[in-house]
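Think of it as A, B, C and D in the order they're written, each chain with its own count starting at 1.
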Amino acid sequence: MIRVAVVGAAGYIGGELLRILVSHPQVEIAAATSRSLHGRQIDGVHPNLRGRTKLVFSPEDELDRYDVLFLATPHRETMSRMPEFLAMAGTVIDLSGDFRLRDPDAFADYYGLAHQAPDLLPTFVTGLPELHRERLRTADRISVPGCMASAGMLSLVPLAEAGLITGEVAVDARTGSSGSGAKAGVENLHAERSGALRVFAPTRHRHEAEIAQATGLPIRMTATGIEAVRGVQLVCRAWLGDGVDERSIRSTYRGRYGEEPFVRVVAQRRGMHRFPDAKILSGSNFCDVGFALERGSPQVTVIAALDNLVKGGAGNAVQCMNVRFGLSERAGLEFTGLHPN
Amino acid sequence: MIRVAVVGAAGYIGGELLRILVSHPQVEIAAATSRSLHGRQIDGVHPNLRGRTKLVFSPEDELDRYDVLFLATPHRETMSRMPEFLAMAGTVIDLSGDFRLRDPDAFADYYGLAHQAPDLLPTFVTGLPELHRERLRTADRISVPGCMASAGMLSLVPLAEAGLITGEVAVDARTGSSGSGAKAGVENLHAERSGALRVFAPTRHRHEAEIAQATGLPIRMTATGIEAVRGVQLVCRAWLGDGVDERSIRSTYRGRYGEEPFVRVVAQRRGMHRFPDAKILSGSNFCDVGFALERGSPQVTVIAALDNLVKGGAGNAVQCMNVRFGLSERAGLEFTGLHPN
Amino acid sequence: MIRVAVVGAAGYIGGELLRILVSHPQVEIAAATSRSLHGRQIDGVHPNLRGRTKLVFSPEDELDRYDVLFLATPHRETMSRMPEFLAMAGTVIDLSGDFRLRDPDAFADYYGLAHQAPDLLPTFVTGLPELHRERLRTADRISVPGCMASAGMLSLVPLAEAGLITGEVAVDARTGSSGSGAKAGVENLHAERSGALRVFAPTRHRHEAEIAQATGLPIRMTATGIEAVRGVQLVCRAWLGDGVDERSIRSTYRGRYGEEPFVRVVAQRRGMHRFPDAKILSGSNFCDVGFALERGSPQVTVIAALDNLVKGGAGNAVQCMNVRFGLSERAGLEFTGLHPN
Amino acid sequence: MIRVAVVGAAGYIGGELLRILVSHPQVEIAAATSRSLHGRQIDGVHPNLRGRTKLVFSPEDELDRYDVLFLATPHRETMSRMPEFLAMAGTVIDLSGDFRLRDPDAFADYYGLAHQAPDLLPTFVTGLPELHRERLRTADRISVPGCMASAGMLSLVPLAEAGLITGEVAVDARTGSSGSGAKAGVENLHAERSGALRVFAPTRHRHEAEIAQATGLPIRMTATGIEAVRGVQLVCRAWLGDGVDERSIRSTYRGRYGEEPFVRVVAQRRGMHRFPDAKILSGSNFCDVGFALERGSPQVTVIAALDNLVKGGAGNAVQCMNVRFGLSERAGLEFTGLHPN
């Protein structure tokens, strides 16, 4: 059994890690910390785990040594405490955001402050098995991408690497409210957020920088909060290289993702399900990718969807752990999602 | 023009008062206070008022003297400051809850503390024109009922007064999230509240006591938070007196509400709109009331719906003002509601 | 491997059966029929199954012989074709509703027509393992209860059997839109149904009769369609027998459900999760049951929640199959549900 | 009083016309037709009008002659019957879509069939007062733009006419379910549409052609159905001309819309309401327009929102009538919208 600890287990990403890990056949959850709730039952905060665990939140100062440490800790704090965390586990899987951008200047530009552990940046591997599986097999420091960034990278990297798209890519990203975390704030009150179409980042969202880093292309992303608790959808427009047609795009995606357990190329001709929609992905680790080409147009529209807490966070982190420890990649991640939902 | 002030204008009830009052043809809004936001534009907080007002929130210590003072102030604070408020206006219309129960013992029982101005309690008139229109014509102190209480009183008082129902009444009340106010709290986070069916008061909700006071009947009410920002719906079960049938109930409601501008007796035989539903009432001052009788059953099921911020709060308060000042009762309250919505 | 067929596999219950069965370790789906869609890929209709099955809908006239036949067929048609279905499989698990009431008169009363196979009625066992596990171990004809009925029976039968409640029980049932099935109708249009609080059955809902049959108590149920795709919640009020207190109720539920894999007694003292809410149950096979007692009141309020398509339908049916074939009851039903969701 | 008739009054646009017109001080509704529902009470279908009208749907063959004929009739049928309609009224205001594109080739291209009354196309004026007020003062044939087209035209025409933007514009359009109309269809079932992010037109939506016609710029639009009954939001990206900065854009919008009763330039610096959101516009005739410029970027992001049935349809049509008849443009259109909602 792999002994794991989850730091920051009372939040939404922490809770989702626990949900997946309690059912994971090769994992033992040795600790789940919360600064404010230690001593309390985990299922009081994450009521979906009633009957599935008797775990109690532990304080951070009782952390010990583990095979894997999952960090669902706040940005800023994470980079300053990373040396401490690295000493606690053979493998550290960070979901905080602090180690996603390899370039300290890009970090400073997008996060608005200097990185506090720039020497550690190159030691982290991007936690997206579809793009970095080989490196992940031996990686001890893994940085899981942002939810919208994962969808964007899975959408665009295959096309960019194959040279099918060129120039600037426009990305419209839509995201549910759980991405804002479990902390109260007026802007996340139900009465304010319900039914909203809130353009909260018309430009310069941090995940934009991750997609640019992965694709090598300039990205212009707009992020809108939509009515959903879970779910991310991206609509990307990219310029096609000369002579690129529908077949070359489809075969590129199929070649890349045909054997992937958690990326599905959606290519129905008609019907209400012909493009990816996060509605059917809640709880699942799938990222669905589809596309549309207008006859005669020099652009392709790529659409991707995932559950921000699963393939866009905790599920992806567990998939990375599975790769790292040579387990079945599907272990703990079997849930298919619901229809209707 | 009637000069009015709204105390506590940054909250949801305060904002709804402003929405109605800016369009009211006989009203001048002389002040709208907010302790935390004074000096800021009203339409920054209530964005629906953009282009309709240039008002700025004022501090409470600049309050002066007005024809009408609307109190959208917190419970507890209101009762202790009431003497101060009464000195500021000819007519005080209180939406806080502190003056709804006439009996200080009932107040202590349901609110969990002793009333701080028990002498003032009998000087307030219940602000529900359908039940107290004559007294409201000359009332200077008006206490607007709770949102669920208004629906319950409009449902049950006609039947109780006509002697058609008897014994205990069971009330299932459902309410949207705006009833919890504009203050942030974890339990009102969108991610927690969206799609919830949260039984937040299985027994002993304060509005239960108001319905009991108005009907003279024992009331057992359960309150559930449902997925809506606005809207209250009540399903009430009452025991019929001997020989009471559908016709007597219908004629009682029709007799009582036939001429009312804001209570509609819904009595369609079939279709999806045959019982009251708050979905079509957002923004309107209507309370819709309907009922069902099972052949051979000794019970009647009464269903009522309203918008908690309008007929269940601010709209009802303005209707009371209209009655008090001899205006058309519909003034400022013409909006019909939307379908679909 | 158990060879199963699902008849009526294109609907919502049929789709949910397929979702559960494709992941069930001891099951082989031998056929999934659809009259209108035969020949088409199953994942075109149930897009959550993409990548999990290559099954194609088959026509009904190609049905053969199976270990288990799940019937997600329409009411009326099912009772007339039951002899035909019984010839096709060792075990028939019917989700249609036609074999839920044992008394042909009650059936005629609630369904408005005479039963067409009254002789078969007593041969069916009610498919609720918590109440009928022993009989289900050898049952070849199983009738799965209605979604609201399952919640009602799990709420009330333990109290009724222990003699803790007496007299009439009032039930307020709330249900999501998937219970209306996958057929289009104006009343289920998103624009009409979204955000609705639609009292579609103020009295005489068919599931009321099932709860009455199981408890032996008179039941008065009101059914309201609420804003959810999945989910049922019941709020039941019952009269307590003499001397019954909170402890006796809690110990009765705990005694009954302490070892049950899929019923959880929810008994938190405070917080937003202290009563059952279907919001966290989507996709899971749990029925959560909780209750509240007002000091001094002669009534108890019992609250129950489940996913109508899972514990209220397909999941419960698979649990019955697991019991019948001596498998782990949890097989195929491990998903815990999501928080937040 | 202006005598008006609404043809196709049982649909959502028809119902919204009736909602506005019953409260319009200078209008008499002389007829409201429905082929399938004639003889039935209007408030049975549009329950928000209970207590506001006793009108009954009339058959189309009883249509007579009116001052204004509003056509909420189906596309295709409308163009073939237009000569007949023109004979019935001094002013025809068409909401069908058939007379929005002036170029028959563009029509054939986007609608997939030849126009049946190409000679009439140039006789229609686009019904958007902000762009065509002078022509509308004397127009007898008015074609109201599509909901997303109105938002796009109000967003982009001022910038295009001032030469501030150039080249291709990418438009991400999001729309609620009421835009699909009141006819049942599986894809609009609540269970399928609730919470969906459905990219139903990745390219070539018809409203794209209207925006292109009005701006003279190439438009690439993607249309996504989102969780809302009412509401349209557009996010547009356009390339800035040389030297264009934030100030020139703001002053262009302010110059153009400063005196407009129904277009608001939203320009808050911070907070959750700093960009247009349809959430607060339900029932109102406002189109809110805002924008964001990233420092150093050659692009501007323009965001617009409106209620598709009001400023995107019926409200806009009534505003056109008000212009045409020299009335106050606000007549019948005073509702401000709700916050929260």
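Simple rule for what comes next: a contact is a pair of C-beta atoms (placed from the backbone, for glycine too) under 8 Å apart; a residue touches a chain by one contact, two chains touch by 3 or more.
Because the structure is predicted, anything quoted here is derived from the model rather than measured.
Novice: State the smallest step count from subunit A to subunit D, taking one step as a move to a touching chain.
Specialist: Minimum step count, subunit A to subunit D: 1.
Novice: Measuring between Cα centroids, which chain is at the maximum distance from subunit C?
Specialist: Following the centroid criterion, the farthest chain would be D.
Novice: Could you give the separation in Å between the centres of subunit C and subunit D, each centre being the mean of its C-alpha atoms?
Specialist: Going by mean C-alpha positions, subunit C sits 45 Å from subunit D.
Novice: Which whole number of Å gives the spacing of the CA centres of subunit B and subunit D?
Specialist: Roughly 35 Å, centre to centre.
Novice: Would you give the residues of subunit A that are in contact with at least 2 other chains, written as numbers and ranges?
Specialist: 12, 178, 182, 186, 191-192, 194-195, 227, 229, 271, 340-341
Novice: Once bound in the complex, which stretches of subunit C touch subunit A?
Specialist: Residue list for subunit C touching subunit A: 12, 15, 19, 22-23, 44, 46-52, 178, 182, 229-230, 264, 266, 268, 271, 273, 280-284, 286, 288, 334-341.
Novice: Can you name the residues of subunit D that touch subunit A in the complex?
Specialist: Subunit D residues touching subunit A: 170, 172, 174, 186-187, 191-192, 194-200, 202-204, 220, 222, 224, 226-228, 231, 233, 235, 237, 271-272, 275, 277-279, 292-294, 297, 299, 301, 303, 305, 340-341.
Novice: Touching residues of subunit B toward subunit A in the complex: what are they?
Specialist: 12, 176-178, 180, 182-186, 188-195, 227, 229
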